[in-house]
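All chains are identified by letter, namely A, B and C, in their written order; residue positions are counted from 1 within each chain.
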Amino acid sequence: MNESEFVLVLASIFLQASPLMIAVAGEALTERAGVVNLSLDGSMLMSAMTGFVVAYTTDNIWLGFLAAALVGAFFALIVAFGSIYLKQSQVAIGFVLTLLGDDLSAFLGQNFVRLPGPSFSKFTIPLLSEIPILGPIFFDQNVIFYFAVILALVTYWWLFRTQPGLHLRASGERPDAAFARGVNVNRVRYLYTVLGGALVGIAGASYSLAIKIGWSDGHTRGFGWIALAIVIFGGWSPIRGAVGAVLFGATKAMATYLQRAFPEVSVVAFNSIPWILMIAVLLVVGSDFTERFTAILPKPLQGPVRQLLRVAPPMALGNTFGEDP
Amino acid sequence: MSRSSWLERIWPLVPVVAALLFVVFLLLGFGAEPGTALSAIIDGAFGSTDKVLSVTAFWIPLLLASIGLMVTFTAGLWNIGIEGQLAMGAIGASAVALNVNAPPYILIPLEILAAMAAGALWAAIGGVLKTRGKVHEIFSGLALTNLAIILTNYLISGPWQPPEGGSFRGTAPFQDAALFPRLLESRFSPLTLILTLIALAVVAVMLSNTFWGLKLKALGKNPKSAFLLGVSSERETIYAMMFCGALAGLGGAVRVLSWFDSLRQSISGGIGFLALLVVMLAAYRLLWVPFIAFFFSAVLNGSITLQLRTQLHSSLGGILTGVLVLFVLLFGEYKKLGFRREPPETPAEVSHE
Amino acid sequence: MRVELNEIRKYFGPVKANDGITITFEEGNIYGLLGENGAGKSTLMKILSGFQPFDSGELLLNGSDATFTSPREALAAGIGMLYQEPLDLPPFTILDNYLLGRDNKVIPDRQAAIQELIELTQRYNFDVDIKAHIDSLSVGERQQLELVRLLAGGAEVLILDEPTTGISAEQKDLLFASMRKLAKEENKTLILVSHKLSEVQELCDHAFVLRKGQMVGETDVPCPNEKLVEMMFGQLPERSPRPSVSLEDTMLSIKEMAIRTYRLSVEGLQLDVRSGEVIGLAGLEGSGQGLFLKACAGLLRPAKGSIQLADKDITNHSYHATLAEGVGYLAAGRLEEGLVAGLTLTEHMILGALERKFMIDWESSREETSKRIEHYQVIGTEASTADQLSGGNQQRLLFSLLNTPLRLILMEQPTRGLDVRSADYIWEQLYERRKDGTAIIFISPDLDEILDRSDRIAVFYGGQMLKVVEASETNVDELGHLIGGEL
């Protein structure tokens, strides 16, 4: 691999990771508030379809993204309403929506399969893009990449540096304590479930309008689940989640490259990689590996490193909260 | 009878009607005549003996998977990997069908055993990952399902491809001795119905009258307490998964040996996922499972005829079942909707200092 | 601030939690609020602190009408409540925990908050590192922070609900000193909710007593204990005497045991327990007594050392293998760890039984269950589910699930949440078992209970078994200092 090829591969890894980064940021917000939106795979399919169809028929890509965000938000609203108001199982509703989104997107999008459509293109940032190596990788990218990076940083800042972020996290950790301090827990949960869903919708549309342009049955199938796994891997942090998304993209890109280099190795091995990676990653998160790792460090380092690697889920994740304690 | 109690009684029909209306609007939106579409579905499901037998043949593996899920749901497990367990069962049965030459009375039991073992093994991986690796069964199940589908495709296009060359569609048809005896040239084999009814009876007794069933129930409701009461949560989790996997594997065998006559691409056909919907709609009551499974089977088979007649995407059947389950989850319980404020329930204890 | 409660009523269905309570709290005083479990103290304080609305009555603050719909509104009006289990956010840093709800600016002023925190903690002599996470603090330190937060929020009335549970004597003294300072120097109104007469006597100026949802008496304190007790119970309950049992051979022998977890290492554990003996484990939460009990039950594997039960080495037995050797274990949480919500009493009995058949014999199981229900005075039927029982009955159910005979019973907080009478009944049952030679080891944050119920007391501090003392040769004060690490 020569240098320019290497740069191209890296640039494509970051581009491929962008929708996942967006979905992970959205779902991290939702789960930090205490709700699991398991419908990601279905709502991404629905929003990818809607985004493409709207952009295609109106010839306006922004309307496509807007429609996709609304679809994602609507799916999330169903999860929020079902779990917060009706106190139904979040997993059950999320799972049904996943299947429904798959079928519904196939049906509604049946007349728009494999059509050429509008798409986002590259936006070259002047000056910065001329930096050798880094320039072409980071500053000569698709608009969606810039959006994903900024989104990860902003959601991180929102979560950990602002008062609304405190309200959000408190609702997911200990709703009764949050309530005692004047947080309207269920309103916070509605808000961030819907907002997170809208971001997931944008992630879905960024596949059909920027990365894998067009629509076909099951266009983004699997990516929603991978995003859910990355949220866990990323310890419910948008930035660590973004790193996880890039690592995932890198592994996939490496597999594609290896496949080209060794065509005799069956395609099976490469198709299995995301799924084997998903199990492996969750195994690492679930094991006491981080505890063991921090235990061998020198004492003064242990505290900060443990904080850095901490992957405890929000304590009240998936629990309902009634205001009458 | 007061107005509200009358409403409360007919309420369970509301989500059903709402789901039908949803589909009707969808059809209207696509310029289809809902009446024609509906009659196409009914025709496709019950229009002839052959079609009824088809619905029954599709119903069998769906019912087997649903029965299996009753066990995992009782143990508190979201066995989403059941789709992959079905596929593995199909692969297990195919391996025997393709490689063993024997008379049917030996071959068929062998195939059934291989299918059940393969399904149970695949499910056990999910169980071990959960108990030993703390990987939630939803994620491992999903990954294992995809791996099973990838494996199926690999076998079809590689080692098991038909002699005339890989078509990516399926293996060559199995020898006749390997296939389940079928009724009237249809896809339905009475043998599979007998096996399914046995499974149903076994699970019914198991869940209500055995010590193991009680242990699973405790495990599903509160794993921590169950452990402290003496239930080995690790072992029972894995066993429950394997039990379900074995039944799903049997369902997979039915798919290759009775519905088809070979191992095909997407052999599990979404039956595992559909079974999850069946059990949710049945609200985890075993008695309802066979009827709901049959209804689903009719809808899905009917929507294939719908596609042939109207050129509409066959996912309409999936939409109807999905919307139905969603609406029942959301609006099925009249009381939860809060039209009438219930008096606050008496707390067991006034204060909890 | 002067707080007047007039004819406060709060019903939960047929249960009259508060049945027309009228009380006035004057500023600058410390009040004790006494009563049995279910007397209505908690409900009344939840109403006052904005957690629950009342059905009827009147709440006056400095003479003007007040109603709150949330704890936040109550605090804005000057009423703050400190819970037994601090209502804070364990995964947060101290600063974030303090910032939450402090103001409504989008970007909180961290510097100002840090200054405030430092000032307030210094004023009340609290010593905390504001960069630390809440979950690394002791219960006592978390309470101090809650107190600081309430004061910074403008609390003029402070309600403290059993604040001394699980804190050391030193922290208790510090807490009481700051309470006195708040009342006498800063003119705040303090309400201490407690069932510990000694604390009320030590700290309060005046006490109110509730019984069955009504105010049944008030008195200036200190006063004779008998007076308070009579108001609380109507008559003096007799605490069942601890029958003396001749201690037999060694039942449990622990040698050179060490338990190591990532959070805490407990080293050098050495203890012999004789059959019929009751050992109380005292210590602040997280001092190692919990790990010790878990190791004895086989829930944790010791890093070194041995555990011998009668004449059998059970060091490396799993929990289930340990149970099979005749050990019973009761965890602290009832419905969380021990009972299964949704399962009937009969089903619990079948699960807990040692004898296991493939098929369930429902008929005989029901008979056995109704026998045990009768014997343990559980109010419920074989077909009721565990969650339908009241707290006290759930606890009794747990005890009824213990098999007979047992060699060793291990318990965490056996009488948590029980009123005096129920607790007494439970201990009577346990004393019965001592006659069969059953040894008992239990943990309790309540030093009085440890002192009254044990033969010997093992005190834990910072991952060590600091000292083993004869219960008859020590007192609450000494124990309070011991659990704080002062020998």
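Going forward, contacts are C-beta pairs under 8 Å (C-beta built on N, C-alpha and C of every residue); 3 or more make two chains touch, one makes a residue touch a chain.
None of the values given here were measured: they were computed from a predicted structure.
Core chain by CA centroid proximity to the global CA centroid: A.
Of all chains, C has its CA centroid at the greatest distance from the CA centroid of subunit A. Comparing chain pairs A-B and A-C by the number of C-beta pairs in contact, the larger count belongs to A-B.
Inter-chain centre distance (subunit B to subunit C, centres taken as mean C-alpha positions): 47 Å. Here the CA centre of subunit A is 29 Å from the CA centre of subunit B.
Measuring from the averaged C-alpha position of subunit A to that of subunit C gives a distance of 43 Å. Each of residues 344 in subunit B touches at least two other chains. Residues of subunit A found to touch two or more other chains are 324. Residue ranges of subunit B in contact with subunit A, taken from their complex: 26, 78, 80, 129, 133-136, 138-140, 142-144, 146-147, 150-151, 153-154, 158, 273, 276-277, 280, 312-313, 315-316, 318-319, 322-323, 325-326, 329-330, 333, 336-338, 344.
Of all the residues in subunit C, the ones that touch subunit B in their complex are 12-15, 17, 37-43, 84, 161-162, 193, 195, 319-320, 323, 329, 331, 335-343, 347-348, 350-352, 356-360, 362, 387-392, 401, 417.
If you check the complex, the residues on subunit C that touch subunit A are 51-52, 70-73, 87-92, 96, 99-101, 103-108, 133, 262.
Chain contact summary for the complex, subunit A toward subunit C: residues 161-164, 166-167, 169-170, 173-174, 176-183, 288, 291, 295, 307, 312, 315, 324-325. In the complex of the two chains, the subunit A residues touching subunit B come out as 38, 78, 81-82, 85-88, 91-93, 95-97, 99-100, 102-104, 106-107, 110, 222, 225, 228-229, 232, 266, 268, 271-272, 274-276, 278-279, 282-283, 286-287, 324.
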